[in-house]
Each structure stands twice: as C-alpha cells, then as structure tokens.
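Got some structures for you, see below.
After this come two complexes, each holding chain A, first together with chain B and then together with chain C.
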Partner chain A sequence: MATTTDPAAGARTAGTASDGDGPAIELEGVAKTYRAGRSTVTAVRHLDLAVAPGEYFAVVGPSGCGKTTTLRMIGGFEEPTAGTVRLAGRDVTGVPPDRRDVNTVFQSYALFPHMSVADNVAFGLRRRRVPAAEVRRRVGDMLDLVELTGVASRRPGRLSGGQQQRVALARALVNRPGALLLDEPLGALDPLLRQAMRAELKRLQREVGATFVHVTHDQGEALAMADRLAVMAGGRVRQTGAPAEVYERPADRFVAGFVGAANLLTGTVRTSAGGDGYAAVDLDGGQRVRAATAAGPGARIDLTVRPEKIRIAAAGTEGPDGGANLLRGTVRDAVYQGPATHYTVLVAGAGAAEPVELVVHRQNSAAAGPALRVGAEVRLTWPPEHSHVLGPA
Partner chain B sequence: MSGATPPEPETPAGPPAPPGRRVPRRRLRAPDWGRYATWAVLCWLFTPIAFMALFGFNDISGRQNVAWQGFTLRWYGQVFSYPDLTAALLTTAVVGVLTMLVSGVVGGLLGLALGRYRFRGRGATNLVLFAAVCAPEVVTGAALLSLFLTLNIATGLAAVVLAHVMFTVSYVAITVRVRVMTLDPRLEEAARDLGAGPWTTFRLVTLPALLPAVTAGGLLALALSVDDFVITSFVRGDATTFPLWVWGATRVGIPPQVNVMGTLIFATGVLLAVGNVLLARRRR
Partner chain C sequence: MRPRAVPYLLALPAWLWLGVFFVLPLCGMLSVSLMTGDLLSGFTQTFHLGTYAEAVQRYRVQLLRSLLYGGSATLVCLVIGYPVAYWIAFHAGRSRGGYLLLLLLPFFVSFVLRTVAWQFVLADDGVVLGTLKDAGLLPEGARVLNSAPAVVFGLAYAFLPFMVLPIYAVLDRMDRRLVEAARDLYAGRAAAFLRVVLPYSLPGVSAGVLMTFVPASSDYVNAAVLGGPGTTMIGNVIQTQFLVNNAYPTAAALTFTLMAVLLLGILGYALAAGTERMAGGRG
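Let's look at the complex of A and B:
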C-alpha cells in the first residue's frame, strides 16, 4: 500500500505512531456482532483497513453501515468479535481505551460539564502526570491553536456549539495522539459553520501533522476533506481510495450511487474491445455506447457516467464527435442551480424498450450557449473513457 | 431577515407583546386563577408549620400549650431543659445522619447500577425498590420486628438505623437512577479515552455528575428518618427518638420546647435544601 506520508508527520514528537513506515492504524479481518435478545446483529463483517501515518482518512457510509462501530473498535470502546486491531504495529486488541495512543472527538463532544475549558483540555495530560508547568504551557498553546484563549476559564455549557467542538478537538489533540478519531465531528453544527469547520479541521491536521480518521455519513464532506476514504455499506468496505479515484472509478453500483450523482446504465457487450480498448455495448434501451471492458460478447455489464462528464447541446448543432458516445434525447426537466443547470434527458429506446433517463450537469459558464428548454431535442456526447464499467454490486 | 419574508398580517402596531404573555386587555377580563391557586396551596402547606413555630413563642405557665397567652423567647433559652427530650433529639440526629450516609452510599451505587448496566435481576431489583416505597409502614414495621426477633437481632438504636436505611434507600436509588439515565455515557468514555482508568473516571467524572442527585436523595432519607414514627415504634427497643417522645408527651401536655425543636429542625431542613440547590446551580 502506498503511504502518502505528510512531511509534517516526521516532525512530530518522538514516541508517537509515526515511527517506521508501517500503517498508523491497521484492522485485519475485524468483525463485530452484537447479541440482541435471541438474535445477533452484525455491525461489521470482515474488515481490512490500513491508515498511513499523517493521513487524513475518511470512513463514509449510510447510517447503520458499521462506520461508527469501526471507529469505536479503534478507540477501544468496543472489542471486535474477530480479527486484530493494530496501532503503529502494536496489537491492541483487548487493550482498554486508556492504554491506547489514540484520542477521540465524540459526536456529542462529551465535554466534562463541571470543569472549565482549560481543565477539560488538561485532563489527558494530568492523567499522564505531565508536570503542572508543562500542562499549563501546552493547554495554552492548544487553546491558541483553536482560537479559544479567551474562554479558558468558562464552563463548556456556556459556549456555542462551534466553540464546544473546538474544545473537544483541543482536548484530544493536546495529548499528541498517534491518531485522532473523529465521530461525525461536524454533524451537530449548522451548515454554514460546518463549511468553516471543514477548512479549520484540515488546517489543524496540517499544523499538528497527526493521523486523522474521520467518520461521516456526508459523502461531500469525505470527498472534500480526505486524503483517502473508505466507503462502507452493510458492515463491509466497498471501496478504498483517493477521493478522485473513488468518484471517477467507483467499484460498484452502491459506491457510484452513494458518492456523488451517477447515471447507472445496464447493457450487453456486443463486440469485445478492439485496438483502442473500447468495446461496443448495447444498452437495455437499445442505444449503443462504447466503454472500456475486458468482457466478451454477450456479457451483461453495469456502467456509469457522471452527470458533468456529458456534453449537452441542442440537436442540429452538430460538431465533430471524435469517437465520442452519442445519444439523442429530449429535455424532460431543467433545474437551475446557480453555477450549473441540471437537466434530465429522456433518451428514447429502440422499439418497445424502456427509454433511459440521463442526468446532465451543464456549467452556466460564459462559454455555455443559451439555456435549453424542457422539450428541446438535444444530443448528449461523452468520451468513452468516461463510461465507467462497474464491478458486480 | 431577508426581504422575501412577507409581513405578519396579524402583528398589531405598537410594541410587540413579549412571548408567552397575553395582550393586557385579555388579562384584565380573565382572573388569574393560577396565581390564586398557588397562594392557596402555599397557605395550606405552611399554615400548620407557622402555627408550630408561633406556639414556640407562647408565654404559657402550665403544661397546656393550646391557647395563645403572649409572646416570649423563654423557651428558646430553656430548649434543653428536659433531659429526655434532648436525648431523644440527639438519638434522632444520630439515626438520621447515619441513615443519610448509609442510604446515600448504598442507594447511590444501587441507582448507578440500575441506570447504567443490564444484569440478571435488574427488573426484580427495580420492583423491590418500588415495593419498599409503596408498602404501608405498619406492615413494614411489624414485619421488621418479627424478622429481628426471629434472627435474634436486638431491637434498639442499631435496629432503628437498619430499618430506616431499609425504607429510605429506595428513594436515593430512584433519584440517582433517573440522573444516571440522563447522563451521556460518552462522558465516561471520553475520560477513559484521555487516559483515566475506571476508578479515576468514576472519581473525576461520574461522581461529580451524580453528586447533586446523591445529595438530594440523602437529604430526603434524612428527612424521612427524622420524621419516622410508625416503623421506629416497632423496632425501637428501649431507644426513644424525637417523634416517639412527642407522642408519649401528648398525654401530659406537649411543652413548648417541642415547638422550638420542631421549628429548628424545619429551619435546618430548609437550609440544607436551599444549599443543595445553590450548589447544584453553581456546578453547572
């Protein structure tokens, strides 16, 4: 596995998980089942995951996919039913949370209500018997870093949601953990603040150079923030990769539909790939497109085209299509979104076949032509490398 | 506010009424029954106590403290002039404080266990707690006496404390259990996450969060213990508590010292209750 080690990671204090080239966090064959009365519920089934030191790693999936359970097994709050958890190469399966070199930012923040902000932040250092003078200095530095110096003596209950969030971050980061675990850290904030905290979190991660594992159900958040992300569903990892990789080349129908918008098409290979690597595919609607696949004639395949990869133009404005896929259809719906307009285009099928609906995003840039009206005849083109063939879902 | 919001059609001109209040015109028409009812209930509750306090200042000459004779502070000066009464008050104080401490610790731990963990016998324990609250005191008292006699446990001071803990521990457990159930379990996880072991977590995070509830439950136990007559009378042996002495004195007339002591007990209770509320508010 390629370790994209942040240069800042090496600059961290000795004794943290950055030693060596091994992953900061490694899950191997991890599974978790709960007993609920007589039946058992499987939260996580056979999970393999490795997070490199200094990496911003996101785990994203719909609710109930096992992402929080995964995080809690790294933190030590749940013990896996099977498999091994390693932190910086050390097997910590069965080790309680107070003896693991990771810290957690809880979704509810879980700040100690009867302690001041400064005492909250100092809690971890005092447990490790750090000398009082150093505690004071490090707590002060950390409160500076999260811009909370003015509220050090206040109780957390008197702070706004965004401030509480930053206290929770400071309380975890001040311990310089081998990895920081964040459970839906922006979930309780209002949308505007959430945007600001995305940048803030990234800045913090760059400045302290720590490994971050960020659990979220918001795929936009995961794409925007992560160096690498894992998409989970039904207790399994469906795909792991850089955001662009996961978005451009989703592994299956689930990932394609969950991460960003996608046009999902089903068809049969007509002729296998020629010299250019593209096979001709007959869609179930009768239209023909080209896509890169090794499958032979007669094979059933799923493919996906991202809405912004498709060029939409009024019929009759014919240009060179340069071997692009070309479909003709009628605009059924147009939704103006500001920077872009989202079109739903009905592509008629051949004979009795069901027509196919494609969603197309067109930037409302200076170069864009006049808006297309509902009912307009249009032609859709896209280069065949953007008809991405999916694995079995 | 964006300009797209349409103006509220029903907003009258002039200063807006504060939320939760009716327009004054309407309030004049309907009498404020809520306020009258509140005062009526307060009078109902406090009139007897006011009478008790007042008759502690009654300037009587004989032993009959039933008719108002005039004002004096004499009984406050001679409050300890009946040695039996003073001893009974002391017994009540000792029993009360012991009951509060034992019930506070045992009930607090019981409440924590019931609110936090699922274990075999949890439902049964809950049921027993409520049964102990609901059971008529006469039944409990008589049953305790037979139990003590069967087990050869001597009646007397220790038996009284044992009995008081038995019937007050439920109140503490129930109060604490409610608090535990509203406590974010992530708080304890956060402490563990930051390097605190189980005991440190309990000492630094769980206990401070539960302390107001434990204190409230303990004060309730103290009040119930100081007040108890029925159960105490069964298991007292030769010990005499304040309520029992007062009951015994009714035949010959209750001296005004009883009123003085009653007033002082009431004042102590009020002070403790107010103190607990203020402390809890400061901790927030």
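Let's look at the complex of A and C:
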C-alpha cells in the first residue's frame, strides 16, 4: 500500500469530505419507535438538528427522553423509523457503523478487556489498515495527549474510572473522526473528577478541533461545556441555542424549569405594551408586573424570572426602583449555600387567589447587607426585561 | 474464638468427602498397581514397577486411540457447540432459558440408555441406514456402527453440553457494547467477531475443551456400544482388566497412566491457552 498519502483517508467512507460550511451532522424529521413484542416505545418523535463542524454541541434532557437513541442513530447502531441522518452532507441512513466517519465514547466505555490500553487505542487504525509505524506514532501521540503513556501496556480493567474514561476518549479520537459522540461521558465519575474532566474534555476538543456531540442529563454540565445545546423532552427538541440564550430566554415552561431554577408565574395581560415595549400583567396572585409581550389585553401568559435576577432587600430600605417590577413579601425560608443564600419569599397578593412564592438567590458578596431572617418583610425588585414571557408549553 | 478458622471449618465436610471418597481410593489404587499375584493365590505388595511398563507397552494403541477419539470428539463439539452457544447467547433473546433446557433435555435420560438409543438409530438395518438402503441411496453393505466415526460422534453427542455451557456462560455476560465499539471502530461483522468476541470467549472455550476432552478420552460406554473390536479405548481395557480378567494391578496401573497423561495434557493446554489469550490481545 502506498504510504505517500494517509491510507486512512482512503478507507474513510460515508461523510468525510467536508463540503464547505454545511453541518457536520444533520438530522431531518428523525423518529425512532422500538418494537418489543407486541408493544412499541417511541423514543424519538420528530427531531431536526444541525451540528456545525468544530462545534461542541450538547444534547440535554431528563432520563428517558431519547438522548441515547438519538446518538445511536447518528453512530449507526439504530436505524431511524423515519427521517434522514446526514454526516457532512451525505445521507448515511442505512450505512453500518463501521462505514460512518463518527466515533462513539460509550456510557460504560466498552473498552476491550482482553487488550492492553495501547491495543485498545490502536484498534480503529489497524482496522483501517494504517501502516504499523504510523499506528505506533499516532497511538503514542494520543496517549500523550490524554496523559496515559505510563499505562499503555496495562489492561483496562486495572485502571481507575477516570483513566478508563480517557482511554475511551483516546480510542475514539485517534481515528480523527468527523464527529465524536459522547454518551454521558462524565456520568460514571465521582463529582470532583467530573468537574476536572469538564475542563479536560473542552481542552481536548479545542486541541483536536473535532465536532463533539455530548449527551447528558446534567443541565449544569451542558451549560458549562457546550457552544450550543439542544434541550430534549419526550422525544422532541424543545429548544436549541447557545447556553446563555437557552438559560435567559427559555422557550417554554419545561425548558425554563429544566435548565436552571426558575420562578414560573402565570397572569393575564392588563394593558398591552406601550412605547417602552412592556405590557402590564396581573399575576394570578393579584400582583402586577411589567413584561415584554406582544399579547393584547386579556391574554393569558406564562412568564419566568431567574432567581439571581431579583434584588431582595429588607422593607424600608427604599431605593430608586427606576421602573423596576416591585413586589413585597415575607421571607419563608433561607438556605445558606456559601457563595449565595437562597431565599423563598411569600409574595403578598391583592386578590384571594393562591399565594405566589418566589425563589431569590442573593450573592453573599462584600456589598451584600446583613442576612435576612425568616419572617422578615422584604421587597423584591427586578428590571422588566428579566420578566421573560414563555411560549406555549 | 478465632474467626479466621471459620472458613476452614466450613470447608471441613468437603475436605472429609474428598479424603474419604477420592484420596483414600486413589492411594488404595496406587498400592494395588504396585502389587503382584493373581486372583487365586492372592495379591501381595511387592512395589513392582514393571506392571506399568508392561501395561503401557501392551495397550499403547488403545491409549493413543483414546486420546485421538477424545480429541476428535472435542473438536466436533467445538465446531458444533460454539455456534450453538453463540446463537443462544446473542440471538435467542428472552427464550434463552428454553433453548438451554432443550440442549440439556436428552441428558435427563441415563447416559447408557442414550447411547443404546443411538445404536438402535444407527443399526445396519435401522431407521436411518435401512431407509437409505431401501431407497437405493446406500449400498447394501454400508454400516456406521462398529466404526471409529460412530464412536467419535457418540462421544461428541454425549459431551456437547459440556462444551456449550461454559462458552455460553462467557458470551452471555459479555457486554454487547463491546461488539458495538468494535463496529464503531471500523470492524466489519467478521472482524468484530474475530477480534473481540472470539478472544473474549477463549476462557469459555478452554473450559469447554477440558470438560469435554477429559471425560471423552476416558469414556468406555460409547466404544462398547457403538464401536467394535477395532475401536477399543483405554477405558474399555481398564474395565475388562478389572471386571473380567481380575488383573487388578494392570487395571490400576493403566488408570494411573491415563490420569497422568490427561493431567500433563491439561497442564500443557492451560499453558498454551494462557499464552494464546495474551497473543489474542495483539489487536
């Protein structure tokens, strides 16, 4: 075999050629229904997704929402019951995993127990008939990159969880796949290691410049690591966007509640938006707030306010509110969390309807006043741009 | 109270059992193999080693034949048993238990009875051969019984589950993601099997080979029922020497020789299989 060109390139098949700026991975109308005897389970209902080349993309959602199924359809381990999967612009629906230019880091790592770490990492290159000298070089480089050179000749069973995880990463990345698929890659690690591995994964991704698709049920992980993320629920994508976008402007009640803590409020538009773009909204608890919405008077709307967007102060310490939303209430609960204290405030309502409880996070910074006690009368203020109006749930 | 003694105490009945029913008879047998004499004048202990040389010399052919038949039966078991184990473990889904039961069902019937049943099935004018002969598909003189293949296939039939079960046990607990990982890393179906499934299952294969080879080599029922004068195995010789000729020292010496040969074989095999498993790791 000629060694003047990268032989791996010749062995690469479906979906390698990068055609301009098209998405590295594209799912169009993808659905998956499992059949188990006479019963069926629809794991993925209807999925449209596009992941750009070089992007760190996260898929986040509660357990059972279809994340693993989605990843397995990209990897080629499950065939969609409807829709199309494209890798670098090429339709790979029906193409087996060994002829797709993506590699998977399995949730349980699935390292070959009967092979050394080095042989595990070399597996893909050898299957693609890369010359032995190049295999040795690339495996060596990759083990250096994940700092496993010292254990190259050991069996995976003798390694710690963190080391096994890095072997799984190395075994996939050494093939320089068009995209790397990671299923809960940090799920099996203890919390301290998990934090460290977040940074490690990001570093790896930057260094190899590959497209990463990272599946997790941990919204904190998704927010911290992803360039863009998709929030899934019930086999559908609820929202796709940059972490700040998804967090600050959640599309619906589900996303608002799943990604970070949220105060969910329901109310009726009283007067439609004026010149400043804010409408007056009567909350079901009787309070009135202002929020940006195009809805006309009488329309029912849901809105959220993130706990850290609300200023909490003891009643009487009146300051300029500059057109901010103002609610008065009583502290029901205060939980000291170190950097911040989480308050639950019962907001006094005008009507006889159910009382409204708001969660407020206050940084315990140098500028913060004295701690507020349970039972203290407080005033809550936030700028109306942080009253985020939700779409239909 | 010394808690460390507890495991040993718990194992005591097992040790006693082994001592009374295995070690003692073995010592007795060893003693008999060194005696001289005959049934009429009685046997006396003379520490006569010559019996071994004589017996091995006289029954060399049967000894080698036993190893050959045992080895062939093991090979047949492996060729038939591996796919069966693989299929049950990977493709039988929830009916795995049912298929295993089917595999074991014939073994609820006595060993001898099953062998006799084969004799009936394979008889010169029996169900199979008779029908084929009537149909003109086989010459009138064709026979299966009393031939080496009949004995080998009888042995293979008798010990097939001993091959299937250990291989099945290993494959059944194998993480299916390993196969997917191999496919993910550009291995086709065949490469995934050869590089991952097969090496992974080698401990089961080793166990199966030993569990088949040892009893098959020392069996005498199949040779007696399905074989003829030309297929006598060492087990048949030992049986005859013990029960018919009452040549106890010769029978005991042959028994020990067979044990020694099998033990050496196992040892050599274990060493070879051990290194081979390591070599299997070379991607």
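Operating definition for what follows: the second predicted complex is superposed on the first by the 373 of 393 C-alpha atoms of A that agree within 3 Å, B and C clash if a C-alpha of one lies under 4 Å from a C-alpha of the other, contacts with A are read in each partner's own complex, and residues count from 1 in each chain.
To be clear about the criterion, contacts are C-beta pairs under 8 Å (C-beta built on N, C-alpha and C of every residue); 3 or more make two chains touch, one makes a residue touch a chain.
Here the structure is a predicted model, which means the values were calculated and not measured.
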item: Simultaneous placement of chain C and chain B on chain A, clash or fit; value: clash
item: Which superposed partner A:98 touches (first chain B, second chain C, both, neither); value: both
item: Chain B versus chain C as contact partner of A:75, first or second or both or neither; value: both
item: Touching partner for A:113 - first (chain B), second (chain C), both, neither; value: both
item: Which superposed partner A:157 touches (first chain B, second chain C, both, neither); value: first
item: Chain B versus chain C as contact partner of A:35, first or second or both or neither; value: neither
item: Which of chain B and chain C A:175 touches, first, second, both or neither; value: both
item: Which of chain B and chain C A:373 touches, first, second, both or neither; value: neither
item: Chain A positions touched by chain B in one structure and by chain C in the second; value: 75-77, 96-98, 103-104, 106, 108, 110-114, 123-124, 127-128, 171-172, 175
item: Touching residues (chain side chain A, partner chain B) in the complex; value: 75-77, 96-98, 102-104, 106-108, 110-114, 123-124, 127-128, 155, 157, 171-172, 175
item: Residue ranges of chain C touching chain A (in the complex, touch as defined); value: 175, 177-178, 180-188, 191, 195-196, 199-200, 202, 277, 280-283
item: Interfacial residue positions of chain B with respect to chain A in the complex; value: 184, 186-187, 189-197, 200, 204-205, 208-209, 283-284
item: In the complex, chain A residues that touch chain C; value: 11, 75-77, 96-99, 103-104, 106, 108, 110-116, 119, 122-124, 126-128, 171-172, 175
